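In what follows, chain A forms one complex with chain B and a second complex with chain C.
For the complex of A and B:
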C-alpha cells in the first residue's frame, strides 16, 4: 500500500486534519500526523486488516530547530509493506503520545528519545532516562546542547585536565551516580542483587537489577548506558565517510553490518550505484562476519550454561575468519571496509581460495561441534522450553534476526527486503520450529544460529564462485547529498541493523540514528524474566545474543 | 593393627631399647609419630593437589584446543609452585562488613574436612595412618565438615553472590551425601566390613576380583557413587556453587591469597579422595595383581619396602585414571540448573542407590559365591567393562585422527609435536 493510500485511509477514518502532510519527495515517503491523532492512528494502523503495521522498526527523535520531531518507521510483516510517520511537537514543551501500548518495543525507544531529546511521551509506563544518569542536565542530541562543564566533580570538557596525582584524586568530590533501576519500586521480601555491570554472563557492561526469591527471579530490570559512546552525536559532527570507522564500533562482533547499513543509506542519498564486484565483496565479508559473530554467540551461550570447551573451539575457528578478514581489509575486528560506492580493497583470488579451503574445513568441525554440545542432553535440557517468546511478543517487542525467526516469524531482510546481491543467491531462511522444546525457546534461538552458519556457508560458496571481474569501487567525487532522508537496513548477525540518515545538503549528516538488534533484544528481558531461575536468565541473555556496545551505541 | 603405633613401637625398641608397653615416656614418641603421619599426609595433599592442578590445566588445554600453562619449569610442571607463591604473597583481604572471624576460619573447615579423610585412606599394604573399623563411615562423616565451611564462607563474605554459592553448596552437598553414602553401603554389605583395609582385603588384584565386576548392583553402585562424588566435589556438571558464568566464583568470590588457595587445595584434595574411595571400594584398592596380601605382609626388609611402593603405585595408578576421567568430564559437559540438580539426586540417584542395596542383598542371598550364575554374571560384567574401556579409547582416537587430518589440511603442517617438543 502506498503512503498516499494510507494517508487516504487515515483521513477517511480520523478526518482531514489527522494527516498534516504527505511528504512524497523524500526517499522514504512520510506521513506527517497531527500529534493529537497519533495514538489512535497508531492503533488503527496496527489493527486494520489491510494495513497491519505490527512491527515498529525504529523510533527516532529529530531536532528540526524550530520544532522537535519523532519519526516512526513502521513495517507490516503480513503484507510486507512499510510506512514512515512523523509527528512534530513544539520545542519549548515537547510532548507526544506514547505508543508503548501499541508496540511494546516503543517503551525503550521512547525512553531513549526522552533521554536524548527531552521529548515527553504522555502515557508512557516508565519514562526514565535510558543511557545517561538520572541527574544529567540537558538533552545531548538537541542541536543547541551544550555539555555541562562538570558532572559531580568530573570535568567533562577537553580543556579541563583529568586528576592525576593522589592529592588531586583525593580532593575530588565523591561521585555518586544514581542508577536508573534505583527508581523502580522495590518488591518487599525479595533479595536485590546487581548482576553486572561486570559480570561474565552479561556479555559486556550491562547491569541487571534483580529481585530474587532465592534462585527464582521476580524482576530483572536492565540498566544500560555504560557503553554509550554517542555515536549518533559523533556522526553529526563528522563527514559522512568519517563516520564509517565509528560504525564499526556499533557492534564489534559484526562490524561489517553497521558499515553496510551506513553505506547503503548514504549511497541511496547520493544516488550512487555499486559495481557488481563491490557488491560481491560486501556480501563475502558480511557472511564471513556473520559466521564469526554466530560463533561467538553460540560459543558464549554454551559457556553461559557451563561448557567452556565449545567456546575455545569456536574462538579457534573465528581466528581463521579473522585471518581471512585481515587479508581482505587489513583489520581483524573493526574493519572499516566499506566505502560509498564499493569497498576499500579488492578480494584477491588467493583469498577466495583460502575461503573455500576454510569452508571445507569448517563443515566437519560444525558437525563435531554439534556432537560435542548441541546434542548434549544437559545442554538441551538447560535451553529447551526455557523462556519461550511467542511470535506476537517477538514482533511486538521488535525482535529481529535469529531471535525473531526462532519464534517462527519469516522475516529476513536478505530475502524479504533484498539489498546487495542476495536476490541472486540461493539460501534458506531458518525459522524456529521448536527443535527440542516449544517454538521460540532458548534452544530454538541457539539452533537457528547454528543453522544460519550453514546457510552463510552456502552463500559464501556461491559468492566465491560467482565473483565477477571488474571494478570494486565506483568512487564518488564528492560526498555531499542533497537534503533528504533515508532509512536503510541490513540483516546483521543480530538482526535488522538500520541506519536512519537525514541529509541537509552539507557534507555532514544532520541526524543519524542506528537501530540495532541487541537493543530490542535486551528490552524484552524485563518482560520475560519473572519466574525464571538465575541460571535461566543467564541462558536467556546468551540466547538473545546481546552485545552491550550495540545496545548503547 | 595400627600402623603408626606399630612403627612407633619398633622405633622405641630400636632407638631406646625399651619396652613401649611399660616405658612411661612412650606417649611422647607416639605423639611425635602421629604428628609425623599428619605431616606426611598434609605433604601428600599439597604435593598431590599442586601437580594435579597443573595436570588438569594441561589436559583442559588439550581438550580446549589451546596450550595451557607451559612456562614455569619444563612443560610448565612447576606452575603450581608459582601460583602457590603468588597466593602466599597476596594480601589476605577481608571485605568490609564481613564477619571477620567466620570469614577467616571458614577455609580451615573446608580444608580440615577434606584432610580428615586422609587419615583412613589406605595408600598401600601398610600405608595408612589409622585403619579405623568404621573407616567408610568416618570418611562420610568428616567430609561433611566441608559443607559447614562453604556455608560459612558464603555467609561471612557479606556478598549476595557468595551467599548464593554457599546456600547452593549446602543444598547440593547435603543432598548428594545420601546417594553416595548408600552406594557405599552396598559395598559395606558386600564386604562385611567398614574398614577400608578390610574392603580392600575382600577384593583381589585382578579385575575379576574387584567389587566392580563381582555383582551387577555393585557395578551400578560404582557409577552412582562416582556421580554423587563428583557432585560433592563441586565439579562440572555439578559445579553450581562456583558456577563461573552465573555466580562468578560462588562462595569464594571474596577470598584472596592463601585463604583462597585453601579452597582450591580442598577442591583438588577432594578429587583424590573421591577417586581413592572409589578405587578402594570398587577397583581393588592397592591389591597387586598376582600377589596375595599375605605374601606382602610376610615380606621383610627391602622386599617389604618394595611391596609397599608397588602397592602404592598400583593404587595411585587406578586413582589417577579416575581423576583423568573426572577432569575430562569437567571440560566436556555443561552445568545443570539447581532444580535439575535436585531432581537428579532425589528422583534418580537416591532411589537407585536403594535399589542397589536391595539388589546386592538379594544376590548375596540367592546366588552362591563361586557358583555358575555368579561366574556368568562376573564374566558378563567383565566383558562389558572391557568393551566400554576399549570403545572409549577408540572414540577418542577416532576424533583425534579426524581433527588431525582437518588441521593438517587447513594449516599445511603437522599437528602433534613429539612430547618433548610439546608447546
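For the complex of A and C:
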C-alpha cells in the first residue's frame, strides 16, 4: 500500500484527528493516538490482512518537555510498507499500555524506555531497569536530568579526585557486588550461575543469569548495560557532525554502518544529495567493513566452540583490511569516515588496486578456511540443529540481518529498502536453507555470514570497476536542519542499524536514537535458552554475533 | 656497592650492563642477584587478564594476533584473574561495571599491575561527560601505566608491555620480602 492509502485506511478506523498529515513523501504515515487506544491499534495494525505490520523496528521515548512521547516505527515484511505510531503521556505520571504481547521484541524496548525515561508500561511482564544499576536514581534521557555527584564512592567528574593508591583500595571494605544469587529454598534442585559480565565467550561485557539443572539450562536472562555509555544523551549536546565519532563507537566492529545511518538521517533532514563518487566510496568502505566484521563473527564463533586456529587466520586477514581502511580513512577501527553529503577523503586509484589485489588473495583463503573449519565434523555437530529460530519468532523478536535471513526470511535493506548505490549493483541475498540441519539453526547463521562475505566481495569488485570520476563530497554550508524527524536505516553486518533523529531547528539534534541488531538479537536468548545445554548457549551467543556496545550504546 | 658500579643493575653508567654473569666455578651455572632473577622471570611471563570491555578490546585481540604477536614477550591472555599478573583495562568502564573491576583486581594475586589502555580507561575519553561512565579507571584501582589513544594501535600496546617490563625490572622484591619475614 502507498502511504496515502495507509493513511486513508487508518482515518476510517481511528478518525480524522488521529492521523497526522504526512509532511513529505519520504516519511511514513504517522498515527497519533491517545494512550488508552494504543493496544487496540497495535493489534489492528498487526492482524489486518492488508496492513500486517508484523515487525517493530524501533521504539523510542522522547521528552517533549510538556509531555513524554513514545514513538513506534512499524514495518510490514509481507507488504513492505511502514507506519509510525505516536503516543503522548503526561510528564508527572507517564503510563502507556505495553505492546509486548503483540510484538515480543517490545519487551526489551519498553524496559529500556522505562529505564531512561521513567515511562510505566502497564501490563509489561517484567518491567525493571535494563541498562542502569537497580539503585540508580533518576531517568537520564529526560531533559531535566541532573547526574549525581558521586556513585558508590566514585566521583563522577573528571576532576575532583586523585588516582587511588594501592593502600586506599586495599583499605576499602570488601567489595559487595550484587551477584544475583538466590536462596536455596527459592530454587530447589537448581543452581544459579552468573556467566559474565567478564567472560570470554559473551563477546564483551554482558552478564547471563543462568538457572541450571546440571548441564541443562532452565532459564537464561541476559543482564546488560555494563557498557552503557549514554551515546544518545551525548548526541543531544553535540553538533550534528560532532556525533559522527560517537557513532563509530556504537558498533566498533562495523563503524561505517553507524556512520552511514547517522549521515543518511541527517542528509534526509537537510535534503542533501550525495555525489555518485561519494556513494561509491561509502559502499566500498561498507563492504570492506562488512567482511572485517564477519571475519570476527565467524572466527570468534569457532573459537567459542573450541577451535582457536581459524580465529588467528581471520585476525591475520583482518589486519590486511585494516591496512586498506587506514589508507582510505586514516583509522584502523573507528573510521569517522562519512560526512554529510559525502565522505571525508577520496579513495585513490592505488587503493582501488590494492583492494582488487586483496580480493584476489582472499578468495582462495576463504576456500581454505572452509576446508579448515566449515566442513569440520566436530564444528558442524556443535552448530547444526542447535537452537533453531523459526521465521515467526525471528520476526516477532525483531531479529535483523543475517540472524533474520538465516531463519528463511527475505529481508535485506540493501535490496528491499534501497539506499546509497546498492540498486546499481548485483548481488544475492543469502537466506538460510537448513544447510546442515534445520532452517534457522546456529550453523545457518554461521554459514549465511560466510556466504555474505562472498557477496560482499562481488559488490566490491563491481564498485571498484564502476567507481565514477568527480566530486566525493558535496559539503553543506551549514548543518542546521529544520524541525522535523527521520528514521534512517542501513544494513549493517549485524542487520538493520537505524538512526532516529529529531531536529528542532538548531544545530544540535533534539533526540537521537540508535536501533541496533545485537540488541534485539540478544533479547531472543531468554526465549530460546530453556532446555539448551550450557555449551550450546555459548554457540548460540556466538552465532547471533552479539556485540556489547551495540546492545548498550 | 653503589648502583652505578653494580654490573647487575641498569644505570646510566652501565646502560647495557650484563644481566647475568657466568660463574667461573661451575661451567654452565649463572650467578645473579635474587631481585634480578625474580624480575627477569616475572617480566618474561606477563599473563594479562582478558578484560576487553569496548573498542580497545578489538585492538587488544589484534595485538595478540599473528602480526604483532604479544606471545613473543611471554605475554599471553588468561580468562581468570587468579592466574593473571596484569589487569589490562581495555575500554570504557561504566558505573555498573566499576564494582566488578574492583572485585577482579582484588581477586588477582600479588604482584599485580594495571595498564589503563585507551582514552576511556585513562580519563573517560570521549565519554567523560556521560552520566554513566567512570572518568578514568584510576578512580577505582591503582594504575601503573597509562596508554593513550582511541583506540591505541597494536604497536602502542606492544610498547606499553615493554615499558611495563622495564618498570617490573626495577622492583626490589628481595628487600621487600626481607622486611616481611
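Definition applied: the second predicted complex is superposed on the first by the 496 of 553 C-alpha atoms of A that agree within 3 Å, B and C clash if a C-alpha of one lies under 4 Å from a C-alpha of the other, contacts with A are read in each partner's own complex, and residues count from 1 in each chain.
We adopt the following convention: a contact is a pair of C-beta atoms (placed from the backbone, for glycine too) under 8 Å apart; a residue touches a chain by one contact, two chains touch by 3 or more.
The model shown is predicted, which means the values in this text are computed figures rather than measured ones.
Engineer: For A:302, select first, second, both or neither according to whether it touches chain B, chain C, the two together, or no partner.
Structural biologist: first
Engineer: Just to be sure I read the superposition right, which of the two partners does A:77 touch: chain B = first, chain C = second, or both, or neither?
Structural biologist: In the superposition, A:77 touches no partner, neither chain B nor chain C.
Engineer: Could you say whether A:133 touches chain B, chain C, both of them, or neither, answering first, second, both or neither?
Structural biologist: In the superposition, A:133 contacts chain C only.
Engineer: Taking the superposition on A as described, I'd like to know which of chain B and chain C A:333 touches: first, second, both or neither.
Structural biologist: second
Engineer: Between chain B (first) and chain C (second), which does A:316 come into contact with in this model arrangement: first, second, both, or neither?
Structural biologist: Touch status of A:316: both partners.
Engineer: Who contacts more of chain A, chain B or chain C?
Structural biologist: More residues of chain A are touched by C.
Engineer: Touch check for A:373: first (chain B), second (chain C), both, or neither?
Structural biologist: first
Engineer: Can A:536 be said to touch chain B (first), chain C (second), both, or neither?
Structural biologist: After superposing on A, A:536 lies in contact with chain B but is clear of chain C.
Engineer: Pick one for A:200: touches chain B only (first), chain C only (second), both, or neither.
Structural biologist: both
Engineer: Quick check on my understanding: which residues of chain A belong to both its chain B contact set and its chain C contact set?
Structural biologist: In chain A, positions 199-200, 312, 316 sit in both the chain B and chain C interfaces.
Engineer: For chain A, which residues count as touching chain C in their complex?
Structural biologist: Contacts found on chain A: 131-133, 140, 145, 147, 151-152, 154-158, 161, 163-166, 168-169, 172, 174-178, 197-200, 204-205, 225-231, 233-234, 237, 245-246, 248-249, 252-253, 296, 312, 315-316, 318-319, 322, 332-334, 548-549.
Engineer: Mind listing the chain B positions that touch chain A in their complex?
Structural biologist: Result: residues 63-66, 160-161, 164, 167-168, 236-237, 239, 243-246, 248, 331-340, 399, 402-403, 406, 409-410 of chain B touch chain A.
Engineer: Which of the residues in chain A come into contact with chain B in the complex?
Structural biologist: 191, 193, 199-201, 214-215, 302-309, 312-313, 316, 320, 357-358, 360-361, 364-365, 368, 372-373, 376, 378-379, 381-382, 533-536, 538
Engineer: Okay, in this complex, where on chain C does chain A touch?
Structural biologist: Interface residues on the chain C side: 50-55, 57-59, 61-62, 65-67, 79, 91-92, 94-100, 102-106, 123-124, 126-136, 138-143, 150-151, 153.
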